[in-house]
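Please find the structures below.
One chain, chain A, links the two complexes that follow: it is found with chain B in the first and with chain C in the second.
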Partner chain A sequence: MMLVNLYPLKEFKLPVVAECINPDIFQGKKPKEIEGLEVWEGNKQKRLGELFKVEVAKEESVSEAAVITIHGDVSHVKRIGVGMKGGEIVVKGDAGMHLGEEMSGGKITVYGNVLGWAGSMMKGGTIEIHGNAGDYLGAPYRGSTEGMKGGKIIVHGNVGNEVGAHMKKGLIKIYGNAGQFVGFRMHGGTIYVQKDCGGRGGACMTDGTIVVGGFLESVLPTFTIEGLRKRVKIEEGEVVEAPFYLFLGDLTENGRGRLFVAKEPNPHLGYYEKFL
Partner chain B sequence: MPVVKAVTCPVCGSLCDDIELTVENGRIVKVKNGCAMCEAKFLGYCGEHRVLKPMIRKNGGLVKTTLKEAVRRAAEILAEANYPVLYGWSSTSCEAISVGIELAEEVGGVIDNTSVVCHGPSILSIQNVGIPSCTLGQIRHRADLIVYWGSNPWSAHPRHIERYTAFAEGRFEKSAWRSYVNKVKALVGRKKLQSAIKRLFVKKPAPVPPPISEYKPYPFITKEGRKLIVIDVRRTKSAEIADYFVQVEPNKDYELLQAFRMLIRDQELEVDRVAGVPVEYLEEVADVMVSCDFGALFFGLGLTMSSGKLRNIDAALSLVRDLNMRTKFIIMPMRGHFNVTGANIVFTWQTGYPYAVDFSLGYPRYNPGETSVVDVLLRKESDAAIIVASDPVSSFPRKAAEHLVKNPLIVIDPHMNVTAQMADVLIPSAFVGIEASGTAYRMDHVPIPLKKVVNPPKGIHPDEEILRRILKEVRRIKKKEEAA
Partner chain C sequence: MELLIKNGLVYDPINGVNEEKMDIAVKDGKIVEKVNERRAKKIDASGMIVMPGGIDIHSHIAGGKVNSGRLLRPEDHFKDFERKTAVTRSGVGYSIPSTFTTGYRYARMGWTTVMDPAMPPLEAKHTHEELSDTPIIDKASYPLLGDWWFVLEYLRDGKIEECARHVAWMIKATKGYAIKLVNPGGLEAWGFGRNVKNIDDPVPYFGITPREIIRGLCRVNKLLNLPHTIHVHTNNLGKPGNYVTALETMKCVEDLAEDGKPVIHITHCQFSAFKGDDWRTFESGAEEIANYVNAHSHVTMDMGQVIFTDTTTMTADGPFQYILYTLSGNKWVNHDVETETSAGIVPFHYRRRSYVHATQWSIGLELALLIKDPWKILMTTDHPNGGPFIAYPRIVAWLMSRKAREATLKKINSKARSRSLLPTIDRELSFYEIAIVTRAGQAKALGLKNKGHLGIGADADIAIYKFNSETMDPSKKYKAVRRAFKRAAYTIKSGQVVVKDGEVLKHVDGATMWLDVKTSEEAKITEEMKRRFKDYWTVEFENYPVSEDYLAISQPTTVKADV
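Presenting the complex of A and B:
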């Protein structure tokens, strides 16, 4: 197994575009070759070695894939692990935008916060964020209607707006709060928000499941109540045991998406019980 | 005294092109046909805040200099920058914007126009959903239902109602002006009668306003001709002239739009009120929308800049799409600056994207939120800026403005505005549409020529000319660097 350690040589002020920080690209390369990979800092093209100290180690292991560890704050570094197919990236610090965009395999772990568009349009693999995530987690780029198609994103902190917009498949688990428009126009897959949700959850969804374990200000008027459920299954081996209201929608899009909202933190939704 | 006819007004996105100006000794002395904003601009553009000499900051103060020196300093700043920002563009001509984009490509910067803080969300949703629209002439002659959502044209686009919508005399639709006058007369009469009764009989204690839950919507006044619906958070002057006024709770427009979509699709709502409005009243308004022959929905910043932002527009566009299954309906954003539409159009034809275009990698990239100027400034990533015909320091969030003025700042503007006061290089320019000719796009994407009515003060050039000189100087510096 190839172990690569990257240490930022300075505190970044300008935006850095570093698509080359990808286990598939590092795989089988010598340290000099890795240092010579192209990156952009502002409007100037540079070498990876000019911005990061690169250390390469080898470890006896069954797995051949590379493991990249970034030590330090790289919140201005965009497009880390874009399109990766295997291997692992560990960021010990904050990470920038478009982390793991369109990845189809492997794992990214961040021990810090990430900015917008993390796991955008991902097809497979896992992203685990131990801090907060920005807006558009797992959502597509501007103008596209093709969201996340597979894989798993786990966030232990809070997330911004429009998590999993246009999502088709896969799983997003958020153990903190989420912003507005969770699962906007989603067509499939599952989003679980353990704590509070900013409202307008599931707007224009046609299919898929959204589970809100905390407070939800209001359910959109375009949803209809279906019933009460005692428990909800998030994935294999994870079931939330609590009474949930089940809403179906979005009716404006002839949708059959399922929106589960926990009963206890939302006494104001008791109004809907008369329809049951 | 010479009178110049058919002048285009360079103030708001309506671009009224029937202004008549009287010119005396090289100054405009009289304005005919214009609104208050138009008159203020044509009569007051050459006021005390006009800058007449290029300036450069030296030892903390702005010092007068020559145009050549100011252009050289501006070009140096831009050529040295690693991530410059080029912002403004909505109050200048398309020709100047075109040169600005060339400059952005040359210096590898981020170029953005003022739609980023006004109708940017509209553009994002139009790209997602699409827009059924038409020209304002069509609306003037054919529309029998006008909806203003989150905009107050009476104050912000004063001649919009008179020229294109409710009070316009169209070929197939009559003006609603007469019935509005009758309505006002009736209201005044009723008020007089009430006050006379009050004075004649015993005084009653002042009525206590009813609680919100008992709030009753504005009653519909029957009249002939076009109908006008206003949806807003407060009762504006435009709402006063409307047939239906829907007072939506602040930041609940999305819910209301989605509810309208349900009603138009003949679906039942499970709630009694949406966004503070009783569902029965919404049903009545939805009925009016469905039963019109040609409807037009105009939306303003009340939709684009309240909670939900681009998704509000997504819902509004979807609503119009749904309405088109039942009748003919179009939708149009109420653009603010006179050439903000032109900025979007020139950006799109030259780069492929309407705003927030990043040239740092040598080719245009677009992702509002990442490449939009406000976000770049909030992340403190830029290292120089050029502002053309705009005043971001007074309109941007404080943190963004702070970062903007911390780095070298070039301003091209006729006035000493807040941003110009913070500039390192200040180059005064001529007013497009008064002292320089050019092209601007009206809010319905119709290009309209801007006239040169009077000569600019001596030594003052149009934005286009100044930008061309800076571009030439930047190219010269880059060539020299390459040779070295």
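Presenting the complex of A and C:
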């Protein structure tokens, strides 16, 4: 196994685009070669070695894939781990936009916050964020309908707006609060928000599951109540035991998406029960 | 500057030159008899094909609609971008590239003249601003006049000569090149949320039928002696069973033809050649249309070939775009151009596995192969409606090689494959015929005298492709054909080498062509007309016409009308 440690040499003030920070690209390269990889800082093309101190260690292991650990704040560094197919990236600090975009395998762990579009157009693999995530988590680029097609995103903090827009498959778990438009236009997959959720959850969804464990201000009028459920299964081995309202929608799109909203924190939704 | 292209295999159908090894001499942007061999810059084209620069009769490259499409689709730009080089500017966009990129990409394939086919008169200024910003290629635009209030009224009242004078004024005012009709009558009806059902369905509030509009404008076109015929996007476009409408549209002007000259151009005919009652019974009507066109000489048409890709559909046909939006469920723009016309934009993905899309792909090629005379059917994708123009090399390969068609047939929807006529068609176009459908035929249909050929005095717009047609068989080596057309070995525009080996060497500006139609008396601009402009248009009449200084390089052609 190849262990690569990256230490930022300075506090970045300009946006840095570093698609090369990717286990597939680092794999089998000598330290000099890794330092020579191209990155952009603002409008200047630089070498990775000019921005990061690179340390490479080898460890005997069955796995061949590289593990990259970034020590420090890289919140100005965009596109880390874009398109990665295997290996692992660990960020001990904050990470920038487009983290793990279009990744199809491997794992990214961030012990800090990330900015927008983390896991955008993701196809497989896992992203785990121990801090907060920005807007468009697991959502495609603006205007695109190419949503998340697989994989798993776990966020232990809060997330911004439009989580999982256009999602087709996969799982997003948020153990904090989420912003507005959770699962906007989603066609499949599962989004679980353990705490509170901003408005307009599931707008224009046609299929898939959204589970809200906390307070949800209102359910869109284009959703109909289907019933009460005692528990909801999030994934294999994770079941939330609590009474949930089940709504179906979004009817503006002839959708059959499932929106589960916990009963207890939402007494204002109680009037729906008379339609059951 | 002098230039000598030596030893190329020249294809020049207008002058009857078919694969002749000859030299082409160029001086001051024109093709000449000979140049001073020592002084001239020489290009060794031995083992290469030399053709006139490509011409595109129908490609939406500029204007309000195209720009709305760009705004609608940020994701289209995200995926496809070009960095600036020492000579070219940067740009973005796959199906709706920005103006500079449009010019460079056409030039890289060896195309030098492109017609923007739908200019709402109100947006003429915007269109010309974008055309002026499109480098290298020469261009022109057709104003939409099939639903123009004054035209409808003149035709309803039978005032054909007044109508002709008015159209002459409109073409001059918008700096246009031909008369474009889009779903004649239907767009006016769309203003009221309706459409016309066939060519005899009257237009609400005007009491005039599409047939009368088509015939009227066809006669106007003849009275004005315009170089191109009327350019018609038929009624009922994109609906199953519409091949009947296309046939009726062609038949309705049959008697207006004289000496076997074309009087109507049916554009993107693939979209008008659908048979069946609904999408389930949908099938190809290409055979019926081809039979008609083979038996008549008053029609020219272009393919509107579909490419399996993610593209953006945009037409002035609002009701059709609405149907497409309801079919696809995609985001869309319904663009209403005040009193003049409408427009719609819907992103669309043509998929191999879809029966309808695969059949559409087949229809385009069936039309091109079943219509025997290549001068009658020209190659287009109706960019970007059937697919972006950068797919032309693939269409060339499909037309030239049965093997290329079979390779794609294997991958399409099985029901579409079993119903397609393509496996029964053995015809393979030669390079001579390809030169017709991509250049000579287009120039002839458009009435461009100095383009589309390599005779003495023609504009020195030349494309050279790296494919040795003497030693290589395009039918077998279709991938080499595709490569050759994708990146021209040389593109020469007005005598200057602008592209070498698919790379743009030089940024030159192309001209905007327009018609200066001279009528014996000026069109009457009545007080009533000005009052209407005040009441219904957002632009004052005085600010409406496009002045000549608005065009970066203006290239008017004077036409003497019969009225």
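As a convention for this text, the second predicted complex is superposed on the first by the 276 of 276 C-alpha atoms of A that agree within 3 Å, B and C clash if a C-alpha of one lies under 4 Å from a C-alpha of the other, contacts with A are read in each partner's own complex, and residues count from 1 in each chain.
Basically, a contact is a pair of C-beta atoms (placed from the backbone, for glycine too) under 8 Å apart; a residue touches a chain by one contact, two chains touch by 3 or more.
Keep in mind that this is a model prediction, so the values were computed, not measured.
Of the two partner chains placed by superposition, chain B and chain C are both touched by A:142.
Once chain A of one complex is fitted onto chain A of the other, the partner contacts of A:272 are limited to chain B, with no touch recorded for chain C. Judged by the touch definition given at the top, the superposed model places A:40 against chain B, while chain C stays out of reach.
Of the two partners chain B and chain C, more chain A residues are in touch with B. The contact surfaces that chain B and chain C form on chain A in the two complexes overlap at residues 141-143, 145.
Here chain A touches chain C in the complex through residues 140-146, 253, going by the rule given at the top.
Of all residues in chain C, only 72-76, 78, 329-331 touch chain A in the complex they form. Taken together, the chain A residues at the contact with chain B in this complex read 13-15, 17, 40-44, 76, 78, 97, 116-117, 135-136, 141-143, 145, 180-181, 184, 200, 203-204, 218, 220-222, 224-225, 250-252, 271-272, 275.
Contacts from chain B toward chain A in the complex involve residues 81-83, 107-109, 124, 127-128, 254-255, 258-259, 261-262, 265, 267, 269-271, 274, 307-308, 311, 314, 318, 322, 359-362, 366-370, 379-381, 383.
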